[in-house]
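Chain nomenclature is as follows: A, B, C and D, assigned in order of appearance, with residue numbering initiated at 1 for each chain independently.
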Amino acid sequence: MERNEKIMMASDYQNSAHPAILAAMAASNEKAMPGYGTDEICAQAKEHIRRACDCRHAEVEFLAGGTQTNAVVIGALLKPYQGVIAADSGHVSVHEAGAIEHTGHKVLPLQGKCGKISAAQIEACMQEYEQDDNHDHIVMPGMVYLSQPTEFGTLYSRKELEEISAVCHRYHLPLYVDGARLAYALAAEENDVALSDLARLCDVFYIGGTKCGAFIGEAVVIPDPHLIPHFFTIIKQDGALLAKGWLLGIQFDELFKDDLYMHIGKNAVQYADQIKQELVKDGYSLYFDSPTNQIFFVIANDKLETLGQKAVYSYMEKYDETHAVIRFATSWSTAKEDVDKLCQIIRETR
Amino acid sequence: MERNEKIMMASDYQNSAHPAILAAMAASNEKAMPGYGTDEICAQAKEHIRRACDCRHAEVEFLAGGTQTNAVVIGALLKPYQGVIAADSGHVSVHEAGAIEHTGHKVLPLQGKCGKISAAQIEACMQEYEQDDNHDHIVMPGMVYLSQPTEFGTLYSRKELEEISAVCHRYHLPLYVDGARLAYALAAEENDVALSDLARLCDVFYIGGTKCGAFIGEAVVIPDPHLIPHFFTIIKQDGALLAKGWLLGIQFDELFKDDLYMHIGKNAVQYADQIKQELVKDGYSLYFDSPTNQIFFVIANDKLETLGQKAVYSYMEKYDETHAVIRFATSWSTAKEDVDKLCQIIRETR
Amino acid sequence: MERNEKIMMASDYQNSAHPAILAAMAASNEKAMPGYGTDEICAQAKEHIRRACDCRHAEVEFLAGGTQTNAVVIGALLKPYQGVIAADSGHVSVHEAGAIEHTGHKVLPLQGKCGKISAAQIEACMQEYEQDDNHDHIVMPGMVYLSQPTEFGTLYSRKELEEISAVCHRYHLPLYVDGARLAYALAAEENDVALSDLARLCDVFYIGGTKCGAFIGEAVVIPDPHLIPHFFTIIKQDGALLAKGWLLGIQFDELFKDDLYMHIGKNAVQYADQIKQELVKDGYSLYFDSPTNQIFFVIANDKLETLGQKAVYSYMEKYDETHAVIRFATSWSTAKEDVDKLCQIIRETR
Amino acid sequence: MERNEKIMMASDYQNSAHPAILAAMAASNEKAMPGYGTDEICAQAKEHIRRACDCRHAEVEFLAGGTQTNAVVIGALLKPYQGVIAADSGHVSVHEAGAIEHTGHKVLPLQGKCGKISAAQIEACMQEYEQDDNHDHIVMPGMVYLSQPTEFGTLYSRKELEEISAVCHRYHLPLYVDGARLAYALAAEENDVALSDLARLCDVFYIGGTKCGAFIGEAVVIPDPHLIPHFFTIIKQDGALLAKGWLLGIQFDELFKDDLYMHIGKNAVQYADQIKQELVKDGYSLYFDSPTNQIFFVIANDKLETLGQKAVYSYMEKYDETHAVIRFATSWSTAKEDVDKLCQIIRETR
C-alpha cells in the first residue's frame, strides 16, 4: 500500500473509491450496457435508495458532482424571476464560481449560525418580502437550500428540519437539501435525521457519493416524482447526463444494496472526534464544535508552517492578525495510523 | 466473461473501460490525491497529450462528457451576440437538448454533405453576413464547429481542414473540432489528419475518451494557452469540474503514455468494414460509406423486427414508406466473435 | 409641413405618432402620475383593449418594442428545456440578433410558405418529436409563434388560425401571435380574423403600436390572466418595465377609446394596393401578393440605383444574378401625394 | 393646468417631460426618419453630449430605461465568470428584480456608507480575492458599479472618484457609473464632479433622462469607443433597441444643445433643501443628509397616516417599532407652490 509522506487530511475527496465499488466496477467491465442510465443496475440502485428512504415512488437520478447537481436542481425548481434562500456560508453562495447566477438566479443569503439558518429566519425573510410594497421589483424567494451536514460540519436536528419544512410549505417554497457529506451526518452520534426524514420533509435532496465512498456521483431524490417534469432532459441540457450512466448506478448499487452508506462514515466521525480531543487537550480552540468529519480550529500563524511540513490541511480564513482558521477532514478512507500520526504532529506543534 | 445474449452493436459507448485503464485506476485507489486536477498524474497525462499533438504549450483540460464539453467550450469562445456555425447534422445542432442555446447562443446550421461542411460554405455564410445591410440585427457567426469523424462517421481530409482553417482565420472565427470518436478517425485507413494537424489547424479541439476506451472523459486541447483566460473557473461555473480530477488524468495518462489511443480504434474500423462488406454482399444499401466505426444502412421495415430479435441496433430515421435507416457501431471493445455472429445474422435476414 | 426630398417608403416605423396621440401626451404633460403603469389611464386603456377583444378578464401589459416583447413573452411561456416553433422567416428566427437564444431557448424553424406555417406542419413536427426514440435528448417544442400579418405581409385566415389553435391545444403548445403590424391586418379587405378571434384562439398575442400610430409601445394580451404568474416581475427583470408606464397607457387609450386602431391602417392598405397595381401595370413581378401594407417585388439590378435616387426602399435579398427583391411599406402616416409621386417614379423607371 | 389634490412628492419620475422636449417632439412629428438611431438628430445629440463631456471620440448610445441600461452595460462588460462589485444598497443589488443575475452574473455587494463605497473597500475586496487560495472556485470581481447620486441621494466627490478610478485601473476593473439622477448631482452645491470628470474617470457611465426632464431615455457614454465591440447588436439582442431611435435623440438633443441638462435640476435641489430645513425645524431627524433631490427622514408611525392623507411619499423601511423611514423627492417638474404646501403640511403634522 503506497502512502504519501505527509499526512493528507485536507479534504474528504482525496481518495478514489471504496474497495467494494472498485470491485463492482471491475466485475462489470466487460458487460455491454444500454446508455444514459436506462440499464438494470441503475434501476436496481434506484430501488435500493427508494427503500432506504422509505419512499417508494421517488424519482432518483444520478449526477456526477455537487456543484453540477446544485445548479441543475436549483435551475429546475426556480421560475426565472425567483432566487434561492441559503445560508451566507452555503456552498451555492460562495464556492461555486457563480454557477447558480449562471443559471440566471440570485442567491438570497441569510446570516448563518455555524452554517445553519432557522425556520424563523426564513419566515422573517418571507414576511419582509410580502410586506414590501415594491416586492414586484425585487427577486422573489422561490426555494430554500440547506446542506446537511453544513459546510462547517454542523447538523440540523429533526426538529429544526421539521420547522423549516413547515415554513417552506406554508410559503410554497420547495426545500432542497445538499447532502454532499450526508454519510457523515448519518454516522454522527447526535444525528436524529434519517434518510426517511429527509424524504418526508424535503422536496428534493441529494445523497452525496463523491465524498462518501464513490469515485464520483450524487443521487438526487425527488420524493414526489411529478415535481420536476422532464428532469431527464434538463440534466441532458445542462451537460450533466453521462452516456455511461451505469457507472453511477454500479456505485450507488454498491453503497445501498447492503446499507454500506449507512455506516461508511462511522470511522471518519470517530477519528474526527479523536483529533478534536487532541486539539483541545493541546490548547487549540475549535472554531465550530462540529459533530461530523470536519474539524475547524484556530492556530497561530507561526505554527502554520511547521504544521504544513508534516500535514496537509485546508486554509479557511484569517482569524485575527496573528491567527488563522484551518480545517482537517477525515473520510471513509482515513486510516487509523494516519490519525494517530496526525495527533502526534499536533502534540509536537503545541 | 459474461456476454449479453443479443449481439449489442448499437453504440460505441456500451462498455466501461479498457482493461489497462481499469488496472491503473485499481492501482491508484489507495493513494490520497490533491483535488480538482492539480495532481501529478493529470500533469503527466497533459504532457503526454501535448507530445502526441506536437504542441508543447497547449492548455489541456479534462471534462466528463461530450455535450458538457461542447457547451463549455462554445460558451467560453463566443461573445454573447455570436452564434456557432455547424453542420445541420452536427451534435450541437440536434442532439444536445438545446445545451448550446441554454448558454445563450444560436446554432447557425449549414446544410451538410454526409455530415460535413466545406470551406466554401463557411465563406459564403460570412459573405452573406457581411453584405447584409442589416447584419447588426442578426446573430454574428462567431466560431465554427466540426466533428471528426462526423456524426455519420465520415472524415475531413487534411486538405479540407486546411481550407476550413484558412477561411476561419481570415474571418477571425475560432475553429473547434469535436473529437468524441477521434480514435476511430486516427485508425481509419483513409485518414490523413494527425493530432498534430488538429493542433496546427484548430483553435480548440477535444480528444474523446468516453467512446474510445475510457470510462468517461474528454481532453480539451487549446494550442494557444492564452486563448481562453480563466478556463478553469469557467469549467467550475458550468458544474463541469470534478473534485477528483485525477480520475480523468489516470485514464488519459493510460491512453497516451504508450500511444494506446493511436491504435485503440484499429479493430473497430476493421470490424466495421467486415460488417459493411457483408451488408453490401447481402444486397443492403449503405446510407453513407463511412470509413470509421459507424455503419449506416437501409433496411426494409419488415426485416427490422427479425433483426432486432438477434441484434441491438440504433434506429436513425425513416427512409421511405417501407424502409428505415439504422446504425451499427463497433468500438474498441467489440469482440471478433460478435462481429462474426452479426454477419451471420445479417445473412439470415437477407 | 416639412417633407423629405426623396419619397421615403422603406418602412412603417418612419413617423413618430398619430396627431391624436401627440395631443393626448401634450394634454397630460403637467399631470403628476404614479409609476410603473399603476395609473388610471393605463387601467382605462387596458379596459378598452379588453372590450375591443371581447375578452373581459384578459391581462394586458404594455411594453416598449417588438423584439423586447417577443423575448419577454417567449421567455415567460417556455420551460428551460423547450423551444419555440416558428416559420423560418419569422422575426424571432432571423431578425432579433439572437434575442430568443439569449433567453436560453432554441427557435425551431418550419419552412414557411409566403411567411406562413400550417397546422399540418405543426402536427407533423410534434409527431416527429414524439415518435423519436431519443426525444429526451432533443429540444422539446414548447409553444408556437406566428405573426399576423407575417413578415411578408400575408395573413392567416380565421380557418387557418382555428386549425393551428386546435393542434396547439391538442399538444399543449401555447399559441403566441406577434401583431407588430396588426392594424394593417385588421384593415385588409381579405382579413376575417378579428381581435376577438385572436383572443379566442391564442394564449398570448400582442397588438403592435410602434408601427401602427403610436410613438412606441406594444400591448400584450393574455386572455387567461392566470397563464403567466408574476408577469409584471418578469417584465421588470427583463429591463422592459418603463417607470413612466402612463406614456404607453395614453397611447393605447387613444388608439382604442374610439376604435382608432380598427381603421388606422385603412389608407395604408389602399395605398399599398395602388402601388402594387402600378408595379404590375409597369411589368414588375410581385414577390408575394400580400394584402396588407408591405409590397415585395422583383427589380432589375440596373434599375435599383435610378429608383434609389428618388425613393427610399428596403433591400430584401438577391433574386438572381441580375435581379433583387425590394420592399416598399406604406403606413398610417403615408400621404396620398407621396403615393402618387412614387407611382410616377415607378412609371419612370419602367 | 390640472393638479392632483394631494401633494405628489413620492418620486422624481412622476411627470412626463420638460416643455421644450414636448415641443421638439411635436415639431418633428410629421418628418419621416430612418430607423434605429441612424438619423441626424441622434447624431447631433451625441455630438452635443461628447462636447458636454469634453470627450470627442466617445461612443454614445440611447436606451429606454435604467434597469435595462444597467443590465445591458453590465452584461456587455463582464466575462461569464465575473461579477459586479456594488454597494449593498445599489440599484443593481436590490431593486431590479434580479435583472443582473438574469444575465448570468453575481452582484458582489460591499457594505455602503450612506449608499457609497470607497476605494479602500474595493481594494480590500480585490486583495481578498487574489489572496484566496481557492479563488478559481469563486466569482471573479469583474467591474465596479457606482451610482451618482447614490440611491440615498449622496454624492461621490471628485477625489473619491479619482481614488476609486485608480484602484479600478490597477485591478483592471471597468468602472461604471449609473447616473439615473445625474442632473441633480450636477445641480448640487457641494458637487465637484463634472461630466468631463466622469468621462475621464469612468469606463462607462450613463446620463439619466427619465428622471431628469425627458419622457424616457438614458444616454450611455463610453469614452473609449473601442471598449465594447458590437454594442449596437448587444442592445438589439437585449430587446433594448428602439425602432424609432430618433425619439430618444430628440430628447437628448434638447437637453444638451443649450446645456439645459446642466441646470434642469437646480430648482429641485433648492426645493429639497427647503423641505429638509422645514423637517429639521419641526423636529424630524433626517436619515441621510443628502445634498441632492431626495429627502429621507424618520417619522413616527402614528403620523404616517395623517401625512399620507395630504401628501404622497415613498415608504422606505421600518426604523424601529414606532418609527419609519420615508422619502420625498423633488424633481425638475416640482412647483414652488407644492413645496410651500408640503412645508405647511409638515408643520401641521409636527
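Rule of thumb we're sticking to: a contact is a pair of C-beta atoms (placed from the backbone, for glycine too) under 8 Å apart; a residue touches a chain by one contact, two chains touch by 3 or more.
What you see is a predicted model, and the numbers here were worked out from it, not measured in a lab.
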> Looking at CA centres, what chain is most distant from chain C?
Replying inline: A
> Across the interfaces A-C and A-D, which one involves more C-beta pairs in contact?
Replying inline: A-D
> Taking each chain's centre as its mean C-alpha position, how far apart are chain A and chain D in Å?
Replying inline: 42
> Cα centroid separation between chain A and chain B, in whole Å?
Replying inline: 33
> When the centre of a chain is set as the mean of its C-alpha atoms, what distance in Å lies between chain A and chain C?
Replying inline: 50
>> Where in chain A do residues touch at least two different other chains?
In response: 80-81, 96-98, 102, 104, 136-137, 233, 236-237
> chain A touches which residues of chain C in the complex?
Replying inline: 75-76, 79-81, 104, 136-137, 140, 229-230, 232-234, 236-237
>> Help me check something: in the complex, which residues belonging to chain A touch chain D?
In response: 80-81, 83, 94-98, 101-107, 133-134, 136-139, 315
> Mind pulling up the chain B residues that touch chain A in the complex?
Replying inline: 1-4, 8, 10-11, 13-17, 19, 22, 25-26, 28-35, 64-72, 96-99, 102, 210-211, 215-216, 233, 236-244, 246-247, 312, 333
